[in-house]
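Letters A, B, C, D and E mark the chains in the order given here, with residues in each chain numbered from 1 onward.
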Amino acid sequence: MGLLNFRKSTFKHGVHPPEHKEETNGLPIRQFPFAPLIILPMAQHIGAPSQIVVREGQEVVRGQLLAKAGGYVSVPLHAPISGTVRKIANVPTISGKMSLGIFLEAFPASSQEVMDGTPIDLETATAEEILKGIQDAGIVGLGGAAFPTHVKLKVPEGKKCDVLMINGIECEPYLTTDHRVMLEQAEDIFVGIRYLLKATGAERAIIGIEANKQDAAGLLESKIPEGDPVTVKVVPVKYPQGSEKMLITSVLGREVPSGGLPIDVNVVVVNVATTAEIGRLLPHGRGIQERVVTITGPGVKKKGNYLIPIGTPLRYVLDQVGVDEQVSEVYMGGPMMGVAVSNLDISIVKGTSGIVVFTDKDVKKTEKVYPCIKCGACVDACPISLNPSKLGILAKFEAYERMAEEFNLMDCFECGSCSYVCPSHIPLVQYFRLSKSIVRKRNTTKQAT
Amino acid sequence: MKEESLWYIFINASLINNFVLAYFLGICPFLGVSGKMETATKMGGAVTFVMIISSMCAYGIHALLVAINATFLQLISFIVVIASTVQLVEMFIKKMSPALFRALGIFLPLITTNCAILGLALFQTNKGYGFVESLVYALGAGAGFTLALVLMAGLREQLNFADVPGVVKGTALTLLIAGILSLSFMGFAGLGS
Amino acid sequence: MLNKTLNISTSPHIVKGIGTDDIMQNVVWALLPTAIFAVYSFGLSALMVLIATTAACVLTEHYLCKFSGKESTISDWSAVITGLLLGLTLPPNFPVWMAFIGGVIAIALGKFIFGGLGYNVFNPALVGRAVLQAAFPVAITTWYPAFLDNRFSSFSVSTFTAPFMEPTVDAITGATPLSAFKFDHVVTPAYDLALGLITGSTGETCAVLILLGGIYLIARNMMNWRIPVAILVTVYVLSGILHWVDGQAYPPPLFMLFSGGLMLGALFMATDMVASPITPLGVVIYGFIIGLLVVVIRIWGGLPEGVMYAILLANAISPHIDNLIRPRVYGTTKSVKGS
Amino acid sequence: MTEANQIQKTAAGNSLKMLQAMVGIGIFCALMIVLTFQGTLPIIKKKKAEALEKAIFKVLPGIEKTEAYQLGQDDNFTPLAGEGKEGQVAYAGYDQNGKLVGVAVEASGQGYADIIRVLYGYDPEKQAVVGFYVLESKETPGLGDKIEKDPNFQANFEALDVSLADGQSTLKNTVITVKNGAKQNPWEIDGITGATISSRAIGNIMGVSTAYWVPLIYKNQAAFIENNEQ
Amino acid sequence: MANPTKNNTGFLASLKDSPSTDEFIKGLWRENPVFVQVLGMCPTLAVSNTAMNALAMGLATTFVLLMSNLLVSSLRNFIPKQVRIASYILIIATFVTMTDYMIQAISVDLHKSLGAFISLIVVNCLILGRAEAFASKNTLGRSFLDGLGMGIGFTFALFCLGAVRELLGNGTLFGWAFFPDTFQEWIVMILPAGGFFTLAIWLLIFNAAKERRATS
């Protein structure tokens, strides 16, 4: 970066929460033990749940198809372990809703060989075939959103994708999943990028990495295969840099229009772990069976980055790593946008990028909520230049329509920066989440009538 | 003796002796339409417009009444002229600019009983202002009225979203804010002397 | 171990840690040096004024909350700030009963009627002072000189005036630098002004200490630095131009900066977060308006000092600034205007 | 009869009725106003004249009679004739022997809140202002309005020096207000503590007004005496 | 005057045949023009700086209100609908002009301190409001009582303000010293801001009373 670089390669505002990444970013990815019983909910991605194709009592091999995609916006599910389908019943999910799920009991002494499917040949496959392959592999966004990747990669007619953005930002505090993936699975990533370039028709790929992962950036830069149109871009450390829109603005200076998608500015963004997974699975035609999860937080004894089979019950995971006596809250995802777990009987799903355990003393105290003093900290923090202070007051007085019409409520992507900085401890994000859902509901009723 | 400068007349009418905050003129519309920014601006504009026209009329009438030595008819002729001016203005705007009429329509009849208009006519006569001075005075008074109305509207819009105690809500709150504004405007005293 | 019930909270699960009460407390700490200097330079009388206003504000806040069936909000320290600020803007020989009434009015009229902390559209301390200024114009413009020999052993004659009675005028009175300039064209040296070797309100004399307090808050990120900077730069530039045009008629810019309540107002009153705009550009405009009004009122107005009026007027304008100045929301071509 | 016709007819009837009503009310109103005006006019006139006279008596101590004079365009004073009050007027005051005691003139200027109008008496013999009365002011009650009531302030005008310079067309010293307690010269006005602005405004008004009037009156003293003797 | 066939009840008869003491009472408290209806704010605030001014203004307004109510009521069948407002304004302006001259004749000083606000009685919405809403629809007697009640209610309200403002702002009541000599006047009360504050406080008291009545 030279002095002549006038446009700072970052977005506006944002916050700097303490990173806490040093505890796990040096720990290599380790295989996690197979749980004796894993539970696979069918709704672990955005879109229609997968449709079960096995029956109770059936024996399955690791990698075998358990459920097929329930529609276009859906993905299939593969067996993460070899074992017997014990039961098909409703299981709890993180959102609190129940979902149909498969209880899979592992064969006691299986070697857990993976079954291969039809490989997708990078050289001969068409873009359509690659997308189909990605869907068949059950790949969803592994950064946390769990949105089916093939849907995102499909460039709508009339639009063009010129840049493929590989998201290796990982701005959430504590999490080091992507960091380790970049350090250990560089080859897979570059293979994945080739598939993705072909699928999207993009001219070049840029890997965006935050400055706190210089080692990963250096490694990837050195390993770029010759002739591949890939560059590595290091951006300043700032939350929520990892949000698609913020990343695009930081790296390319383009702004995704309100209510639009990255493809509206000719960009497709794919998470780096997802890319690695594509690069690893597609040549063998396999489906996802496991993923890298950072297990960390002050309440965890054996912190680390683990390769955990999908469906491993959270209780089993925590038992294995050991948890502090004073455990208070467990989050799936990072502490900024992750969800607090109410029930340990849920499982690790495809979207689980990290598990953070806080003890009593780490949890934000249920501090007294003061009235908004209009200090403007939230205004300085909001990455999309909303006025959370005003929105918060309007939400308190239930002026939802005004929030949406005048103050761009619907553009809020709930990054939590405003709540993080608020000195009055107003649960702004919670207000906005609620307000957004009310506005959405009212809009649908309005359309209906 | 020392004539008042036009600049001073303007400052005096708009800031120092603001019609609403110092003379209490036009309090009814001030209380009534200061709830929303949009209506406040439009009302301010309408009042200023009518003020200018009726101020010119009042100047003419006064001159006429003095000429025929019938100043005792001053009040009655002012009020009649203002009422008819408002009517005429209403009709004129309706014909010339229906859009403007839709915007100002409901405010125009209200203006008839706005004491600021009559007050302006009476004050300019009492002060013995000439034609240009009257015009500037009307402009200043209108600007001051609009300023007070707009300031109040901004504050009241903000206070729609505040935990105002139930007893204070409504006219009492508006009056209390008006009092504080009136105090703040005292800072302008002596300006331009 | 894992049978323990887990707590649930909504994201984000971490907070930055600075609380509103922290901010308020720190403002009090930042004001303390100024208050201590006030007592040092004006003696016991000034102390009584500060105690009276602070006690009045805290008590009023407490009892009004109680009266309206709410939980007392005195623990957020904002009433203490209001009280201290009000006390610091009053003359040191101000009768205690008037100071007390000022405190009651500041909280009741300046804060309570709007719904308490967070909703006050004006700075409560200034509302209190504006009412006092209008109610007791003589008492509030009678100044007691600083550094009297007996300041720690005796009170000013007017300090303990019986409630509701007219204070007896002190035998010794002084003129503030601003009124000395306005009426006699005497320019007090900036050095004296900065160090507080002058007559004036209890807390407005020592510009250096006020600045230090402000810098402390700015360094701790508890004050919007743009507001004082915008005000002071505006005043400096405008009065600098005037002084350059006619050095005789208009005071030097440094005199304008350090005299009167400008420092205290710019750093501690205009920065009242609740009554100022929220966006960075908005506060700069707000600061500019205050600076402009201060210069206009001081130089062309009838009063020697106009900081209080300037800030109150700017407070009234700030909802409009917030309405008009809205940052462009990410991904929109221009800011969506209210319909 | 068609319906339209009927409407037209009622409308015409209405117009007539409207006209009748308006004219009727108009005549009634005009009558009432004129009656009241005529009835009260003499009383009001008398009271106003009394008020003015009272004020003139206040600013010119020891007079028995006043006479209004008008300043003509040639800077000459002529007795005010008729009702009209065109141009600038001065009021001469005479004692019981018909001797000219002084001349009262009105002055006005910007005060703290609004225009202040004052009346002051000038004694050409003493070459001093001998009386002062505030006709109209909206100065802050309890503060600025001390210019009306404060006895110490009023004392300034018992003998305020406005003697002429040698050329007899300008004043030797301009009247000015000084800080309370700082009065040293007879042409200075001792200000009021706490009401600096209002008392200074008076200084300005008096300064400007005396600079204009005093040379004129002094020059034309004879006119007041002569006219009275006629 | 009024159509005799339609309205053959005289003044006294109308008093008798209608239970109209209520027309009188309502203006005093329940429908007090200032505290409840918030009408006629301009004179209420402007000339209530002393009790004397307030009382004089109140009485002047009552006089105009009464006279215009009487005239409007008696002419109510004579004035065509289309020109009624214009006629009311004419009638009111006439009585105001008369009042103006009468006050001048009574006391020049009082006239001076009330200033242009006497003339501004014309645009007091209370008067036009009563003419339009009541007198144009009711008998002479009822209109008389209505005007009297409203006028006294208005005067009472003005006096409430004027008394408080004069007492605190000047230490006097009707010019008569009420407090010891050394009383410190609250000058703000006689200033315009004091008018706003005092009225607001009276309204608060009325609101609180209303609330208490509603809860009990």
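In this section, contacts are C-beta pairs under 8 Å (C-beta built on N, C-alpha and C of every residue); 3 or more make two chains touch, one makes a residue touch a chain.
This structure is a prediction, so every number in the text was calculated from the model and none was measured.
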item	value
Shortest walk length in steps over touching chains, subunit D through to subunit E	1
Distance-to-centre winner among chains (Cα means, whole assembly as reference)	C
Remotest chain, subunit C as reference, centres from CA atoms	A
Interface with the most contact pairs, given as the two chains involved	A-C
Farthest chain relative to subunit E (centres taken as mean CA coordinates)	A
Separation of mean Cα positions, subunit E and subunit B [Å, integer]	23
Centroid distance [mean C-alpha coordinates] between subunit B and subunit A, Å	61
Computed distance of Cα centres, subunit D from subunit B, in Å	29
Whole-Å gap between the CA centroids of subunit C and subunit D	44
Residues of subunit B whose C-beta touches two or more other chains	72-73, 76, 163, 168, 173, 176, 180, 183, 186, 189-190, 192-193
Subunit A, residues touching no fewer than two other chains	371
Shared-contact residues (touching 2 or more other chains) in subunit C	109, 116, 118-119, 131, 134, 137, 302-303, 338
Pairs of chains in contact (touch as defined earlier), listed by label	A-B, A-C, B-C, B-D, B-E, C-D, C-E, D-E
Touch list for subunit C against partner subunit B, complex	68, 109-110, 112-116, 118-119, 121-122, 127, 130-131, 133-134, 293, 296-297, 300-303, 306, 308-310, 312-313, 316-317, 319-320, 323, 338
Contact set on subunit E toward subunit C in their complex	179-180, 182-184, 186-189, 191, 193-194, 197
Of subunit B, residues touching subunit A in the complex	160-161, 163
Subunit E partner contacts - residues on subunit C that touch it in the complex	98, 109, 131, 134-137, 139, 161, 164-167
Sites on subunit D touched by subunit E in the complex	14, 17-18, 21-22, 24-26, 28-29, 32-33, 36-37, 39-41, 43-44, 47-48, 51, 136, 140-143
